[in-house]
Structures are given as C-alpha cells and as structure tokens.
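Each of the two complexes below includes chain A, the first together with chain B, the second together with chain C.
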Partner chain A sequence: MAIRLKQKSVLPGFGLSLGFTVLYLSLIVLIPLSATFLKASSLTWPRFWHIVTAPRAIASYELSFGASAIAAALNLFFGLIVAWVLVRYKFPGKRLFDSMVDLPFALPTAVAGIALTAIYSSNGWIGQYLQPLGIKAAYSRLGVIIALTFTGLPFVVRTVQPVLEDLDKEMEEAAASLGAGRWQTITRVILPAIMPAALTGVTMAFARAVGEYGSVVFISGNMPMKTEITPLLIITKLEQYDYAGATAIAVVMLVVSFTMLLTINLMQAWSGRRMRSSEGSELALSEA
Partner chain B sequence: MSKKLSLVLAILLLLSAGLAQAGTVTLLNVSYDPTRELYQDYNSAFAKYWKAKTGNDVQVQQSHGGSSKQARAVIDGLGADVVTLALAYDIDAIAQNAKLLPANWQSRLPNNSSPYTSTIIFLVRKGNPKGIKDWDDLAKPGVSVITPNPKTSGGARWNYLGAWGFALKKSGGDESKAKDFISRLYKNVPVLDSGARGATTTFVERGIGDVLIAWENEVLLGAKDLGKDKFEIVVPSMSILCEPTVSVVDKVVDKKGTRAVAEEYLKYLYSPEGQEIAAKRYYRPRSEAIAKKYASQFPNVKLFTLAEIVGDWQKTQKIHFADGGVFDQVYQPNQ
Partner chain C sequence: MERAPYAELGGKRTRVKRGLSAQAGRLCHKKSMATALALKNLWAAPDKAAQATTERSWVRWSLITVAVLFLGTFLFLPLAVVFVSAFAKGVSVYFAALREPDTLAAIRLTLLAAGVAVPMNMVFGIAAAWAIGRFEFFGKSFLITLIDLPFSVSPVVSGLIYVLIFGLQGLLGPWLAAHDLKIIFAVPGIVLATTFVTFPFVARELIPLVQAQGNEEEEAALTLGASGWQTFFRVTLPNIKWGLLYGVILCNARAMGEFGAVSVVSGHIRGLTNTVPLQIEILYNEYQFAPAFAVASLLALLALVTLVVKSAVEWKAHKHVEQMEAAVVSIAAPVMTPLPGVKAA
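For the complex of A and B:
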C-alpha cells in the first residue's frame, strides 16, 4: 500500500501535508463535533428519542431545513443572474456592486437581523407597504426566509463568477453559428458548464442557512411551533443548563446536514464525471 | 500602518503590565444586563472606600449580558470573582454544575443575598388606548403583549411569575385558574424575544404591541430616553418582588487570593452608601432609612414574594419553565 502511494504521487511532501490536514481538521472540526456526540451519549436511547422527536423539535426542523432550502433555491436563481450580469456586462458602478455582494459575509449577522427587521416590520420602509397587502414579513416564516436569503447571497455568485469568466465567448458563438437558439445556448452550453460550481454554491448557502442564528432570532419572532428555528431551540435548552438535551438536538442537525452535504457532493462528482465523459466522446467524434 | 498599530499595542500592554504590578487588585463582576449603570457608579464608590480603608487600589471590571448566559460563561470558566445575577436560580446553576461555590451560598449574606430588589410593571402607548390597568387586562382578547421568552431571559421569568402570582392571589390559590390565565396571556404575545432588551426594542422601535411587561428599574431609568410623550407607565395593583442575588465565587477568589476584597465588595452593597447608589439607579433598597428617603420615586404597589406563590427557584423551574412545564403547555398543539 505504502509503495503504491509513493509511486502514485509525483509531488513531494504528501505525508507531511496529509498529516497537517488530518491534524487541522481534527483540532478544528472533528474533536469539537465528537464532543457533541459524546455529550449526547450521556442520554439513554429512549430519552434521546423523546427529546429529538418532541413536536416542538420537529416543527423547528421543518422550519430550519425548509426555510434554508427555499433560501438556497432563491439564491441559486438570483445568484446566477447576478453573476452573469457582473461577468458579462460593463456598466458604471460595476465594481461597487461587485463588492456589495460580499457584504453579507462581513456584516455581523446580528446587525443584519436588526436592520432587516427594522425594514420589514409593519412600520418599516418596506413592511409598511406589505402590511396593507396582508403580507407579514417580519415576525413570520417569511422573515426567516428573508434573513437566510440575505446571509446566503454571496455563495452562488462567488462560486459561479470565476467559472463564467473562464467560459469562452467563442463557445456561445460557435453554438449560435451551428444553429442553436438563444435558449438552447443557455440550457445546453452555458448551464452545464456552470452547474457544478452553482451546485457547490447552493450547498454552501444551504449549509450556512441551516446553522444561521444571529440574524434570524431578531426577525423571526421566535414563537414555539411557528417561527422557532432549531439553533434557537438548542440555545433555549442551553439557557436552562440542559446541556445533554441541547446536544441531542445538535446531533440530529449534524447528521441531517452531513447526509445532505454528502449527497450533494456525490451528485456533483457524478455530474462532473458525466460531463467529462461526454466531452471525451465529443472529442472522439471530432477526431473521427 | 499596521506596524504603528502594533507598536501602540505593545506600549499599551507594557503600561498595563506596569499598572498591574503597582499593587492594584482587579475584580471581575459578572452581572446581567440592566445593572450596567448601577455598577458603574458603585464600582467607583467602592474603589474610594477600599482605598480609604486599606490604602490599596481596586479596579472592578464589569461583564454584562443575559443572566443565564452569564452564568453559563462562569460555569465554562470565565474567572468571575463575584456574580450579581437576575435570579438565584442562575447562581444555583453555578453551584450545581461547576461546584464553584457551596450550595448554601444564599444564606451567607443578609436578605437571602439580595441587596436590592425591583418589581415588574407595564409600559403602554401614550393615552393608554387599550385601557390597561392591571394584569387581567393583559389576557383580554385583542390586547397585544410584549414580553421575552422566560426560557431564555431571567427578567421574563419574573414577568411570568408576576402574572402567575396575580392570578393565584385573585382566584384564592386556584392553580388551574392561574394556568388558564397564563395560557390566555401568552396567546396574546406576538413575538417572544430572547432577552429583555430585545423586547424593549420590539415595543419601542418596531411599534409592536399594546403593552410591554418590564423591570421597574429599567422603565424608570429609561423613561426619559424612551420619550415621555410616546409612552405611559402603568402600575398594576400587585406584582412580584424581584430579588436579584449576589455571591462571591469561592473557587475563583481563593485561587486569585481576592477573597477579602470580593467579600467586602458585596457587603458594601448593604451599607448606606451602597443602598443609596442602588436607589438612585431605581433599584428598591433594602435599608428602610434609604427606602424612606427615596419613597417618592417608587410607585406604590403591593408586592408578593416568590416563596409565597411557588416556593424556591428549583421548584419554580421544575413546575413552570422546565421542558413540558406550565409555560410549555401554553404552546403545545391541540389546545
């Protein structure tokens, strides 16, 4: 096995860098997370099950994962458009817009939460126009989605942007000259090229949204069964010094999140392979 | 630029190290949110007193936040010499979970280790359009009540217990009636903020709700800032005597060698000077002489204690706020 590894890697320093990777991941990710599992394991199985399947916990999972998925989907759609505009067009203030995309990263989430609440509450700038339409933005599930969309905005834009920049315009021209319509060019040429990057962006936006706490607690209203997100439920348990109960819910979140991330990663690898193989066959065709 | 900055930092560090060597004792007082102004005044008064008494300098650092969050920080290793928290339950938690102080800590100082008290009153919008006068008005249909989540906020637990005590006293001790009252009241709450400051923001800045349930000291202190022309204070017929508690954290002071000064720091709270500072910051003093002097600033309200309506904090927590307790039952589906 060791010999094979030596033969395989051409670059030196494999052992050292792998060792560093393992150490780094252990210190920062694995050890803290396994502490969570350890703490949760102080509960008996029926007790654990009782805590994680309480109606209030179930309602919070639905909200947390549901709102995160909607927010990630919104960010996919609008993120692609933003990335497209930023890469393909020249307009005054482009740099400014470009750097604005990163703001949700830099801003403390609590600040974002307070600002969004101020704007979307019934006496806020936008909220006052939504109110007569019967739309309650702040202190509702919609508010949760707004906050999560805000915090996840940069991911799709930033992952898709460099891929779009690398994409040759000639490809589109070639597609047009070979008789593809505009829609065909988009769906058959551009989208397949940027899909893996977009998928990565959506995954990150989703993962970020599931764990988001700071901005949501201000805008959601925090009503049990209605607008209570899972991270808040964990904090609520901690405030009552119920460490084991808090970690039990945390374990559920971890397992679900990890399963979802793994699935998406596998999907990505699969679509990447499919793309490469189709490229290969095209190449073979052109050679023939 | 960054070089300059690091130079400045290095100099500051050296300076502070020099100061620390000059015989100054530093204490860390871990407290809850609305005591900020109180302890600002008190710390400088105590430093003067300690200097006159022993000739030594003492510098007290403050940390503020939600009461149980602060307790958790101490449990997790924040080196607090003294804790001054919103309720005894939070200091109990430090004693139980981290064993940093003995279980009987509350008997070590007069008045159950609670040097000053407060109560719970209401803030309504100008002109009191919903005509709110007492607790039972809060449970009426169409009234929107702002109070934080008692599971995450110490102040909110006092709010809840004020309502519970009122219902219990009014019905002659009928617990099922009190439960029904609590359930109707909390169905009128549109937003459960996680802390008292958040609830105040929701009520004042966002314009949500007809009435805010809040600490008396917060309302009286903030009356000027909040705008007298927009809000009115409503004092219910009766309310709960809130007893914020203080304690030395034994394991920390013994390790740091600060026990003498830390104990004196808390004892001085009971002195006429300490009581007067508390009264000036709208906490009700324990000393009768000082209470008489400041009587005009505190509204007249009949006060009941937690012991009268439930018992001690352990029991209160178990019955009302633990998972599945009375508060949770309000939100259980199919009810």
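For the complex of A and C:
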C-alpha cells in the first residue's frame, strides 16, 4: 500500500514553494536551534545539572515563571472583561480602545520598558502615589509583573473576542427563558463556550512572558537572586564569556518554550474541535 | 444591527414597555420560539426581562469603567509618557537628539537590518502560504508548528543560537576567524537575528487567508490558459494584498524594534553595531532621558502607524466580505425564487 504524500492538484508550484519554505526554515530556524543542543551536549550531565540548578538560576526561574503566571492571571481576568465590553457594549471611543489593544505587539519592548519605568519610578506619574503607600513598583518584583502584564495584554482579548462575537445570542435567550438568571447564564452558558479560547490566550501570554526581556530589564532593577529574570541571567553569563552556562540555561528555556508551543497547539485543536462540533450539532438540528 | 433592540432594553424600560407588544409581534415572526418565550417573560416582568440578555446598567457601566481604566493605565499612559518625556526639555533638545551622529548611524543600521530581513521573510511567507494553503500534503500541520517556533523562543535565546554558531567559541567560529569573516558583533549577525525573530509574521498572516480563499479562482485562471506565474500575479496576489501588507507592516515594526536578540549579537559598538532600540538603552542608561525618549518616540510613532494600517486593513477586509456576501445574495436570489409551475416542497 502506497502512502499518498500529497493529494493531486492542478495548481503548479508545489515543489518550488515547499522546497523554498523548507530550505529557508532549515537555514534560519532549525539548524541554528539544533546547534544549541549540539553545543549543550558537549557538557557532561553532572556539569549541566550543576549549572541549571544553581541557586541563582533557581531564583531566576521562580521569578520568571511566578511573575509570568501572575501576569497571565491578571490578563485573563481583565482580558475577559475587555473582550466582553468591546463585543457587547457601546461606549464612546470603543473603536479606539479596540485598535489600541494590539499596542503591546507593535510597540518595541525597549520603548515599553523605559516608558513603564518612567511611569512607576518613585517620581513617575503613578509611582509618586504608590511611594507614600510604601509600594515600590519600579526596580522590584512588582515591576516585573507590571511589564509582563503589558506584554501579554492582547492575547486573551484577541483569542476570546471572535468566539464571543460568534456566540449565538439565542442560546442566552433560551437559558433565560428556561429560568436562568443573568449570572447563571453567564457562568453556565457563556463562560464554558469561551473557556477554551481564553485558556489558549492565557497560555500564549504566559509563554510570551517567560521569554520576555526588553520590557523587563529596565523596570526590574536586575538584582541577582531578587529581580533577575532567566533571560537576563543568560545575558549576564554571556557577558562573562561563560558560554557553557548560557547554553545550559538556554536549553532549559528552549525545552520550556517547546512544551508551551505544543500545549498551545493542542489547546487550539481542542477549542477548534469544540467549535466545529457545536456547529455540527446546530447543522444536525436544522436538518432535523 | 438586528441585535440593537435587545441591547437597549436594560437602559430604557419605559419605552420598552410601550413598544413591547409591537416588538414581540415582529420578533416572534422573525425569531425562534425561544425568543418569543423570552419576550413573553419580558412582558410579564420587565425588571427581570431587562436582565435576560444584557446586564443591569450599573453592571454594564462598571465593567466598561474597569476595562477603560485597565486599558488606559496599561496602554495609553506608556504611550503618552514617551511623547511627554521626549519633549520635556523642549523641541530643540528633541530634534538635536535625533540629529546626533550615533543616533543617525543607529537609524541607518536599523533600516538596513529591516530592509534585508523583511523582504526575505515576505518571500518566505508567500511561498509558505502557497505551499500550505493551496496543497494537501503529509506533515502539513507539523510544518505550520515549525514555522511558529521563533514566536515561542525567547529573544535572548534567539540571539544566543547565532553566537553559538558564528561566535569565536562557536561551531563555525575558528573557520570564520581564519577567513577574516565577522558575523557576530557585526552587521550580518544583527540581520540574522532580526530575520529569525520576525520569521513567522508574514507567513502567519497569509496562511489562513490563502486557506480560506480556496483554489477555485486559480483553477479557473489555469483552465482559461494562464501560466502559473500569471495566475499568481493576477489572481492570488490581488486577493491577498491587504493581508500581505499587514503582515509586512507588522514584520517591519518588530524588525525595527527588536531588542533582546539584537542586543546579544550586536556587541554594542557605538556608531557601528547599534540599532535604534540599543541606542535608546545606551542613552537611557547614561541618564540622558529626554534624548532617549526622543529616539523612542520614533519607534512609538512606527507602532501607531502599524496600528492604523491594521485597522484600515481590517476595515477593507470587512468591506470585502460584505461585498462578497452581497454578490452571493444577488446571484442566489433569482435561483431561490420558485420556478413557475413548480410547487414549493
């Protein structure tokens, strides 16, 4: 039995376009990435383990993952509200707010970094009011969370928005007519429908936050063991010409990002299936 | 637009009560039984009815306030602070900062890096979209995942991988040194790192677009005798031009603003290997805040232009869909009217 690798098509250019795609992908992405693992394999296992479990490295993981998780949770909460408000309500300036949501994608991280630092430093627009309250926002872990919340802001909004737009209002009407209160309708009908998309968005925001560098280095203060994120630790090791150390930590980060990418893909497949299956059941209903 | 009457219900109960029976009649005719039932409930208990498909007005307004405050603090304030700080020392300092030779060199290098990386990634994006969007083949979804890889890699690691290959300690380092070629801490490294980081943007934008359009138009063109390239330039390209434009603009914004990856490979040699974001960092770390923000305002402007183009492209795409739908309706309408002598089933 022959496995058909490609279905027949009358369109030309398959070999050329796929060949170029794979070649370019290999040259720019795959070969350089695998070189990292090659380089890391020159380290012995005990040495690798010693580097990646050093107290300073562990502290940086705790900060990177902890702050990213908090930022992702903040983005989930506020992202759901923003998506809901943008889809369901009318208010002045709505279109402006809607298009501004993508700003963190478009604004270079270094610019975001110095802008956030200026706002939250002790004489900044917001920092000056936090200072008397004893809250130190810039040059602290809180600053890291603020910067990561900024970078992850668009993800939940942009994954949830289209699902919310497609949501059939008739389902809510049916729920209401069956005696559900508005709160019940929201928690039992609307939230389950948007959950897969929201979770995908949160995972994306988290994945992005873990690797983020530019917006964090300015506001974090970069104190080893306290406010040093993992990407910064890699840079520090590079600046000390400790290539082995930098590579080992980079391998840890790469493994984490591959795992996240896999998770995101599985989640997208899951939410896609859910949407398709609900469309399918609607189709079945309308045919009946 | 059909939904407007519902949305209004919460706020304007008196008018709702008066117009309700008329509305119920109209909607019963149009909508499902569920709607009719809901509207009957509405009539019986207007207070409850208002909550049926929207929230009470105080809930709505507090949610809107939360959203606006959140977006305001996290998006508008940073943007505003860039421009306010840039002009804090006056217009003359602002323009002097932009005319500084190191800054001009940084701008030139950034333009060069983006000028190489963006067209390469554009050609790649179009090729990938053609291969993935137009054909069914084994391993396609795996290929899409691989294209996404650079998105999930930390910018710092993106820079590091090139140092590990081309750096002095790297795999090709000794060979490059022997031939007096310099990639890391030089312009080629910056171009490579920028290309890696912006790699998926155009492809990501185009693949779903090409997939959604289907093959029919190209097949028709080929049947009518067009060559492959003619089909591509006359049929495919015009269809994807707005998505392509947005992908390129986004790719460009990221290419010009990339910081982490470029910072690893650049070596920070002033006037030689400093890009605009690195120049901002240097000025900022030297406490030259007004000049740092002046240079940053250029990139902030670029971000704003990117957002404007995005909105315009979305508006265009929306209009295109509406036109298509209208066209489909006008084609379908004569077909749908029953032929004379044929009884409707």
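Criterion: the second predicted complex is superposed on the first by the 223 of 288 C-alpha atoms of A that agree within 3 Å, B and C clash if a C-alpha of one lies under 4 Å from a C-alpha of the other, contacts with A are read in each partner's own complex, and residues count from 1 in each chain.
As a working rule, contacts are C-beta pairs under 8 Å (C-beta built on N, C-alpha and C of every residue); 3 or more make two chains touch, one makes a residue touch a chain.
Since we're looking at a predicted model, the values are computed, not measured.
Contact with chain B, but none with chain C, is seen for A:122 once the two complexes are overlaid on the shared chain.
After overlaying the two complexes on the shared chain, residue contacts for A:270 are found with neither chain B nor chain C. By the touch criterion defined above, A:56 reaches chain B but does not reach chain C.
Applying the stated contact rule after C-alpha superposition, one finds that A:261 touches chain C and leaves chain B untouched. Contacts of A:238 after superposition: both chain B and chain C are touched. Of the two partner chains placed by superposition, only chain B is touched by A:222; chain C is not.
Common to the chain B-facing and chain C-facing surfaces of chain A are residues 114, 118, 124, 218, 232, 235, 238, 241. Considering their complex, residues 51, 54-56, 114, 117-118, 121-124, 138-139, 217-218, 221-225, 232, 235-242, 245 of chain A touch chain B.
Across the complex, chain C is touched by residues 3-7, 9-14, 16-18, 20-22, 24-25, 28-30, 32-33, 35-36, 38-39, 78, 81-82, 84-86, 88-91, 93, 95, 97, 99-112, 114-116, 118-119, 124-126, 149-150, 153, 169-170, 172-174, 176-177, 181-182, 207, 210-214, 218, 230-232, 234-235, 238, 241, 243, 246-247, 250, 253-254, 257-258, 260-261, 264-265 of chain A.
In the complex of the two chains, the chain B residues touching chain A come out as 66, 68-69, 71-72, 75, 93, 96-97, 149, 151-152, 190-194, 198, 201, 205-208, 317, 321-323, 328, 331-333.
Taken together, the chain C residues at the contact with chain A in this complex read 3, 6-7, 31-32, 34-35, 37-38, 41, 51-55, 60, 63-64, 66-68, 70-71, 73-79, 81-82, 85, 120, 123-124, 127-128, 130-132, 134-138, 143, 145-157, 160-165, 167, 169-171, 192, 195-196, 199, 215, 218-219, 222, 228, 231-232, 250, 253, 256-260, 263-264, 277-278, 280-281, 284, 289, 292-293, 296, 299-300, 302-304, 306-308, 310-311.
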